[in-house]
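Take this structure first; my questions come after.
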């Protein structure tokens, strides 16, 4: 029996039915998404979708480390900022096209993530979470006062080379839509591959029982590093794309505490450790966020965050795994 | 049970696994006080002793889950004391736990996949290449052997205790280890299954596998093991042929006189 | 490269002494706040990410009492202590008790959710502006040998010490305190002994939040309140203190609080002061990375 057949058998009856429908739903969704920019000129709508795509990537990225491997990081903003700043610096200071710069940003993010991992992976869950949070704060303070990265004023893209392919900036929202959409699709495919691969199985095993995973001969540290690497790379790519879209980055937008939470929210809401979780989560979270931001008096009133707090609370109490995660009962409890 | 095994030991060949002067101190509790154990290839060796004798601690020290206070462990004559668990496992040991330990949310199949030989695996190979056909074949074979084959797609957490123990056993064998350490393989298992487990161990031993077994069930020890070590209070009390050793007065005293 | 790169000033003795004084005063306050956090952590094994937010609530209550009702902050101490005790108690009963057995992910996000609700609720109610208390019976400062001693800060420090001592004595000698310590050491054994662990946990939360409430009441007398900045700062410093002192050890956390105060103020005086926060964060990370058991290895008066 080949592995594929075993895999097919490995999917239980109800899930198989879901997956058959899922295939159709996915195709319809992708076709629908491809067509949307041609059907509407509504900038607000396109902007929302762009953020949905970006946050799908961010959610996927965090999920690889947090959902699959069980290392709950509260400092992913570091990798996000690494990607964003690298892309921006390479272009604005050195004229390197972001077509290359984004990927370099991803690699720099990997470097940052691996460093973070080396320093903190030996810590148990709570402490790991706190250490990553503290690290993100340290980086933020440093960036605020570091002239070379623009300090508190950040980096702004020059307008003279605007709207060229080389600069990867565009006049309308549509090209950004397709750009971020393509990346989001790519990352989703990557996570799908991960979910069904040996690596995915190993990471899930490490999440469930790390000690037992060691007893299978798995070098859990190394595999956690792999997860951290993939996770950081994806997060860094999203950062680079974000820089290209907003054409302005600073420590406040990339590194503030809530940035870390934003990243996590989509994975939490949609389903930790699942492939579609971040996608579903961002489709729910982002439109609501954008809406409350403008409709409820902007983000300065704070009511939108109160709402998200309540949502987060509800999820934590009653469905800690998120919407799509079946395993909300027994889980990686230390 | 086979005389071949006794000859190897008597011939003074190098033991495949040997433990020398194993000591472990937990604050004020002395778990191990200088235990010595030797296992020769092809044997089934039993470790028995009253509760608190340090048997599980011995396994933990051998496998690197706990760092011994003193003492050495040798596998094929090479020292493995102090190595990390995963390294020791890769060198050729495999162990089970008293309370079966599976990956509950993974299917039976995936539990086996997680237990394959990990030598030479890297980021790209584990991400893009599936488990190779040969390994898949062996997984299939082993699961059929322990009669878990119909349960391939079931999450391991849904299995009964006995079935989980069988899964653990199959998992340990997948890597073709040099020594299989079983921690009370029949504990908590219903009597019918105990007989199955006994015959499985004997059959595997006939096929060439070496076992080190901690057991409380004396029938199992008498019927399966070639050699037995009796531990009490962290140290060797007696050792030898199970039929004779288990009837020694000191051994009986240790068990019933406590 | 960095703004104001010179790291080491050669400050005057006066500046150093001034910073030491600040460190001591703030150390007392940090110790109280950290003790509250450590109590909850040690007994319930829950990290309260919303610690600073409760403190902020006490600060706002004091503000309203003082500016709108003319009630002196000192009078608010027992009021806030009670109110925040109730708040902590209710938090446990209504929310935390439901996640005690949940995966750790759920626990982290529960307190984080509370953080969001409280912080942004206050932002919504009170507005984003920085506000401060106008009247306080101990306002002003004295100058001794060129060192400025702010009266509100000294009063706060004194109150903090009294509160901390009361806190520790309560835990050590009272029946409830002993029940708390028993539960912290061994849950099941405590239950067997007939202790209602659920109630103990609720009281623990109440006490921990009350402690931070007392601190907040007094801190409001000299520190302006801004809903997004203030709670975060205090929470992080409390975490850093607990990390240094050893998770679960209350005395250790208190000691850690003093150390953090010194790192911030004396570090800020000797090294570049614009990086004050950074020194605290770095100390925090280093403590986490290198000594997760904390500097005080043995458990304190739990």
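Letters A, B and C mark the chains in the order given here, with residues in each chain numbered from 1 onward.
Just so we're on the same page, contacts are C-beta pairs under 8 Å (C-beta built on N, C-alpha and C of every residue); 3 or more make two chains touch, one makes a residue touch a chain.
The structure presented is a predicted model; accordingly, all values stated were derived computationally and were not measured.
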Subject >> Chain at the geometric heart of the assembly (C-alpha centres) >> reply: A
Original post:
Any idea which two chains share the most contacting C-beta pairs?
Top reply: A-C
Original post:
Which chain has its C-alpha centre farthest away from the C-alpha centre of chain A?
Top reply: B
**OP:** Please compute the C-alpha centroid of chain A, do the same for chain B, then give the distance between them in whole Å.
**Re:** 43
**OP:** Indicate the whole-number Å distance between the mean C-alpha point of chain A and the mean C-alpha point of chain C.
**Re:** 33
Subject >> Distance between chain centroids, defined by C-alpha means - chain B, chain C (Å) >> reply: 51
Subject >> Touching residues (chain side chain B, partner chain A) in the complex >> reply: 63, 65, 84-87, 89-90, 95, 101-107, 109-110, 113-115, 117-118, 121, 123, 125-131, 133, 136, 140, 152-153, 157, 171, 175
Original post:
Can you list the residues on chain C that touch chain A in the complex?
Top reply: 1-3, 47, 95, 98-99, 101-110, 112-117, 119-121, 123-124, 128, 227, 232, 236, 239-240, 243, 247, 274-275, 277-278, 281-282, 284-285, 288-289, 292
Original post:
Quick one: in the complex, what on chain A touches chain B?
Top reply: 1-3, 6, 9-12, 193-194, 197-199, 201-202, 204-205, 208-209, 211-220, 226, 229-230, 327, 330
Subject >> Touching residues (chain side chain A, partner chain C) in the complex >> reply: 66, 72, 119-120, 123-127, 129-131, 134-135, 137-138, 141-142, 145-148, 151, 257, 261, 268, 272, 300-306, 308-310, 312-313, 315-317, 320, 331-334
